[in-house]
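Look at the two complexes coming up: subunit A is in both, with subunit B in one and subunit C in the other.
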Partner chain A sequence: MTSVATTTGPGRPDTGRPGPRRPRWARLLGRQPLGILFAAPYAVFLVTVFAYPLFLAVWISFHDYFFAAPGAQVERPFVGFDNYAAVLSDPEVRQSFVNVAVFLVINVRLTVVLALVLATALNSVVHGRTFLRVSYYVPYVTASVALVAVWLFLFGQNGMVNEVLGPLAPNPSWLVNSTLAMPVIAIFVTWKQLGFFILLYLAALQGISKELYDAAAVDGASRWRSFLSVTVPGVRPATVLVVILATITGANLFTEPYLLTNGGGPDGASSSPVFVMYQKGIEQGNPDVASAIGVILVICVLLVSLVNKRLLERE
Partner chain B sequence: MTATESMTRTEATRPEAVGPSRGSRGLGSVASYVVLFLGALLFLFPFYYMVIGSLQREADTTVAGAVPSGDLTLNNYAQINQRVDLLGSLVNSGIFTGGVLLGTVVFGILAGYALARLHFRGRGTLFAVMLLVQIVPFQLLIIPIYVLIVRSYGLADTHLGMILPFAINSTAVFVFRQFFLQLPEDLFAAARIDGAGELRILWSVALPLVKPALLTAVLLTFIGPWNEFLWPFLVTKDTELQPLAVTLANYMSNVAGRAANPYGAILAGAVVLAAPAVALFVAFQKHFTASELGSGVKG
Partner chain C sequence: MRRNLATTAVALLALGATAACGTGSGGDSGAATATGPIKVWLSNNPEEIAWGKAMVEEWNADNPDQKVTAQEIPAGKTSEEVIGAAITAGNAPCLVFNTSPAAVPQFQKQGGLVPLDGFEGATDYIEERSGEVAEQYKSPDGQYYQIPWKSNPVMIFYNKAIMEEAGLDPENPPLSTYDDFLSTSRKIVDSGAAEAAIWPAPTSEFFQSWFDFYPLFAASTDGTQLVEDGQATFDDEAGQQVADLWATMYEEGLSPKEAYNGDSFGEQKSAMAIVGPWAIAVYGEDVDWGVAPVPTPEGKNASETYTFSDAKNIAVYSACENQGTAWELLKFATSEEQDGKLLETTGQMPLRQDLQTAYADYFEQNPEYRLFADQASRTVEVPNVPNSVEIWQEFRDAYSRSVIFGKVPTDEALSDAASKVDELASE
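The block that comes next holds the complex of A and B.
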């Protein structure tokens, strides 16, 4: 759109556009330069808390960086890939990446299936919509910290879940069991975020034309059949979005390992890359190593998202 | 006008818009209701348990403990209030959230309007960066932002340092832009011919038409800082400045052992933290619909 202003510059043939020639400032700043003023605070904000930190993260990861008093002049030599080598050979970091992979395998699939099924069901009912919508969205609007408190109570050693299961209760209990801790976190996050993804699917469902369902019904398709052959392909773009957003949410995992499993326990079995970044970068004062973890994590998220997008769009 | 009115219509007004034809209803519909209501109970149970647990004198984890007995007490609320500065934490949460809302409403609307309705150099770039922000998550930038805000600007233990990284919510800017974009161009052309300035057009023509979008975006923006844990946890070491999510988390991991009924006290704190967001959401839930946000998502 910004190119509009340049089409009627001097020396060019008139393109037939009505109105007088644009003055020089309009070619330079656009037709409504006031827009620059309106957008300036947001642009400055994006540069200071997004663009510059993004650059800084990469820069720090290639230097021997440490915290110093504000204003102090210190030497921070370039160290090439040293921080990356340290990160990749660290078993704690590797463990956290494996953990988040386990998390994503459970969380993303569960999220896509449950959100689509529930959104389809919600879309087909007439009564009690408000109650149902509120029920499914309410964990999404509530603080993780508050919800973790209840889950600690429910899934604790003597919690209600174990009371109900009786002799079937896992030993060691859920949150201190190295096999079960990560799946419990994955289910917690699925439950907490599901409302948002149901909302996305509900929006996508409005875009499928009723004729497709009618045609499927004429062909004698069952409800299940028409779900598979009309609904699922119809919401595919939304599925791509849901998978990518769920992957990003998963890569951000921090509060749950910190509080629910008491610092990524047992023995790092539920630690996440962001949790390790916090430990190494801020607790132990190695922001350079932590930044390298962050850069690797972003690259992994981008790769996983790209692969998922390709796979989903090919099917 | 018609554009926004049609958008504010809730899904309920067009229940038959999609879905299988009438012939296959009946049994399938009953199954939908059963699945949906059972699911809803499963989703709500932890909230019910949070409230019940916060009112019990002694923690009772048996199934019977989930049924309210006569012996309910507000003692746990007094307990948590004694251990942590509940009111002070709520005020901090309020300042943090209020600051973000103010920044988002004032600068976000200006940016959204400019991106949707004004032609200026750099608009395409700004829009692209705004989209990029949605993909690169904040947590991955915590180290450099921590370095900048805490070490370079010396804003540790200040409300400003807490607010700054969240000051303008990009999703809200995106929603604002989508709504301004959907207004008819004639409206703006007419106002400009009448000699109205852009600020005046925004204030008295465009804004009144996008009020529902404003509410949706404010609601979305509210839950961000109110529920945020990691950033205020990193930036505040001074307990007098910590918002409630951080205060409660610290209580959970450090001092809970000392209270008579630690779970009761924790759950009481959880209720206080959850209540404002849940209450706001329930009050304005009709604005939180697929059609309202959908127009933002489908872009």
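The block that comes next holds the complex of A and C.
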């Protein structure tokens, strides 16, 4: 373990006395003012694309708000928590949150397990490594619309999966089955995004010292024991990242319920909060209610991510 | 650091609030008579684009100082979303030749539409052109924010070859009563002539009920809208019968519960479809088709049967600076001559009360369109009420739950939906 003195330079002993007080503007700009210049474009991007819309959404959620033409005279009174009350008392919204929770339980776990196992396998493959990496990555970079068409062909009533299953095919079929629709979507999304998470794990695997595996082998550890005792703890920071990223992207689920199950069907069994936001905010012209759903979703995702981070970082 | 963050947050909130509260002058009164170049949006189907471009070319030839630029509605999930976004951004065109009547209340609330009554002689022009049908397009404030333009009255299209294979009379399959419709459907599916008797989209989009429940409800009630006088109308015997008919179709597998990814009628997976006159041009060459009015409980004559209009209208948008030109172009585009060209190019029915007499020659030469033309005089539009889209979504959700997926009894679903619709319509 090494430590770096940040307030004293080499050859300049720390006397323990404070140096001459720097002007306020200099303290605000920091020791490397040029850094601000380099960071500014992204900071501006973050503020305009993420921070401003987020704060605006919070503001909208506390008002009776609708989109209006620039010149229109409209009243947008403050309504307190009315929009939140409307959202929380709406069974359709509540169902969408339950649906996305089911989705996350399946999707995040599958993502972590499959991505780690496949990354480990890929890491040890000698021949065809590039081909396999590209194969896993292709679904991630392919447009969802195209992939959905393939899955419709596979999981439709008369699709290939049901043809293979014959009498064992579920009735109602996968995409119109209230119990199976969300798991099918979760598996679809897992498959589609797996390539990205495999890459994260592959990068993390490069950071594990080979000596640890050698030491485990000397101690008589099997491959499975090495995986559990060396690989899994070794990629823990990557696992935290994968879980948080998968949770955030999963909570924003929209395209799949919109296209694969034709608008959150059957009977709302696969609708998601973002899909309901689209219906209420864009289709029905109620951005105030949609914003309230969005704010609740952000809070839920933050809480889930925080809990996950705490749990996963615990030794 | 914390104080800086707080300051930034407050500043952003204030900025958001300022932007959100932005106000300005409503409409520009001078714009109503102003003339000059304007932009218009056309629907994105090839026939309408062909008609629209020819119409604009004619206008531009006669009015070089009021040049019109036409383009397709920009791509989006739906035209209504694109138009709604354009209204909010203040860059909507002067006219959109594809304004959905269901979206008009929302556009009006946004301040995006110009009341046409403000143009000289507009009310008389609209009512003389469309007759009594025009009343359905009047907004609750008594003004017209859209001109009824063209309709696609929906009817039952059927495949004669499939009917014959099922042992039915291909020229006159029994489809007039609900019992006939069910019996014919059962014969089609039981015989294996087609996978489905009819395959309406069993999906949850708000507008899907316009092509399964609503035409039959309109026919059964002689033209009752979904909401009248601020009250839901469908929670009655007629609504119940229509819901039960479709529930039986889904329960017995005569109509699949899963959407078909393609054109089920065109690919001969279903024997029937509920479509407008556009289908003649689409299926004319490939399918030996016949057409019948939508069924009613007692089997009404075709000449007495109502249906859903599936109309698209034209509106003047408030972002338009040269509204005088927009109104003149609107009259030009809906003149007898241009309506005739629209009919010839697209097969869609101009919403004119003299449709059959004004274009008698056309219907003489194209008799297959005559039934649709006759039907066009008995159409029902979506109700022009506040929260129109939300009302249709509530109805569709209840319909999906009960009729398609059979999770709750149809009477319970209709009753619950009616209560919610009453509430929404009264806001």
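Here is the rule we use: the second predicted complex is superposed on the first by the 267 of 315 C-alpha atoms of A that agree within 3 Å, B and C clash if a C-alpha of one lies under 4 Å from a C-alpha of the other, contacts with A are read in each partner's own complex, and residues count from 1 in each chain.
The criterion applied here is as follows: a residue touches a chain if its C-beta (ideal position, glycine included) is under 8 Å from a C-beta of that chain, and two chains touch if they have at least 3 such contacts.
Not measured: the values here are computed from a predicted model.
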First (subunit B), second (subunit C), both or neither touched by A:G265: second
Contacts of A:F67 with subunit B and subunit C, given as first, second, both or neither: both
Which superposed partner A:V274 touches (first subunit B, second subunit C, both, neither): first
Of subunit B and subunit C, the chain that contacts the larger number of subunit A residues: B
Contacts of A:N123 with subunit B and subunit C, given as first, second, both or neither: first
Partner chain(s) touched by A:L56 [first = subunit B, second = subunit C, both, neither]: both
Which superposed partner A:E163 touches (first subunit B, second subunit C, both, neither): first
Partner chain(s) touched by A:P183 [first = subunit B, second = subunit C, both, neither]: neither
A:I282 touches, of subunit B and subunit C: first, second, both or neither? both
Common ground on subunit A, meaning residues reached by subunit C in one complex and by subunit B in the other: 51-52, 56, 60, 67-68, 70, 149, 152-153, 156, 262, 282
In the complex with subunit A, residue positions of subunit B that touch it: 11-12, 15, 17-21, 23-24, 28-29, 32-33, 35-37, 39-41, 43-44, 46-47, 49-50, 53, 59, 61-63, 65-66, 107-108, 110-111, 113-115, 118-124, 126, 129-130, 132-133, 135-148, 151-154, 164-165, 167-168, 170, 173, 198, 223, 226-227, 229-230, 234, 245, 248-249, 252-253, 263, 266-267, 269-271, 273-274, 277-278, 281-282, 285-286, 288-291, 293-294, 297-298
Subunit C residues within the subunit A interface of the complex: 9, 12-13, 15-17, 19-28, 78, 80-81, 84, 87-90, 92, 106, 109-112, 201-206, 256-259, 261, 318-319, 387, 389-390, 393, 397, 400-401, 404-405, 407
Residues of subunit A touching subunit C in the complex: 47, 51-52, 55-56, 58-60, 63, 65-74, 76, 92, 149, 152-153, 156-157, 172-173, 175-176, 178, 262-268, 279, 282-286
Contact footprint of subunit B on subunit A as seen in their complex: 1-2, 4-5, 28-36, 38-39, 41-43, 45-46, 48-54, 56-57, 60, 67-68, 70, 117-118, 120-154, 156, 158-160, 163-164, 191, 194, 199-200, 202-208, 210, 213-214, 216-217, 222-223, 226, 241, 244, 248-249, 251-252, 254-255, 258-259, 262, 274, 277-278, 281-282, 287, 290-291, 294, 297-298, 301, 305
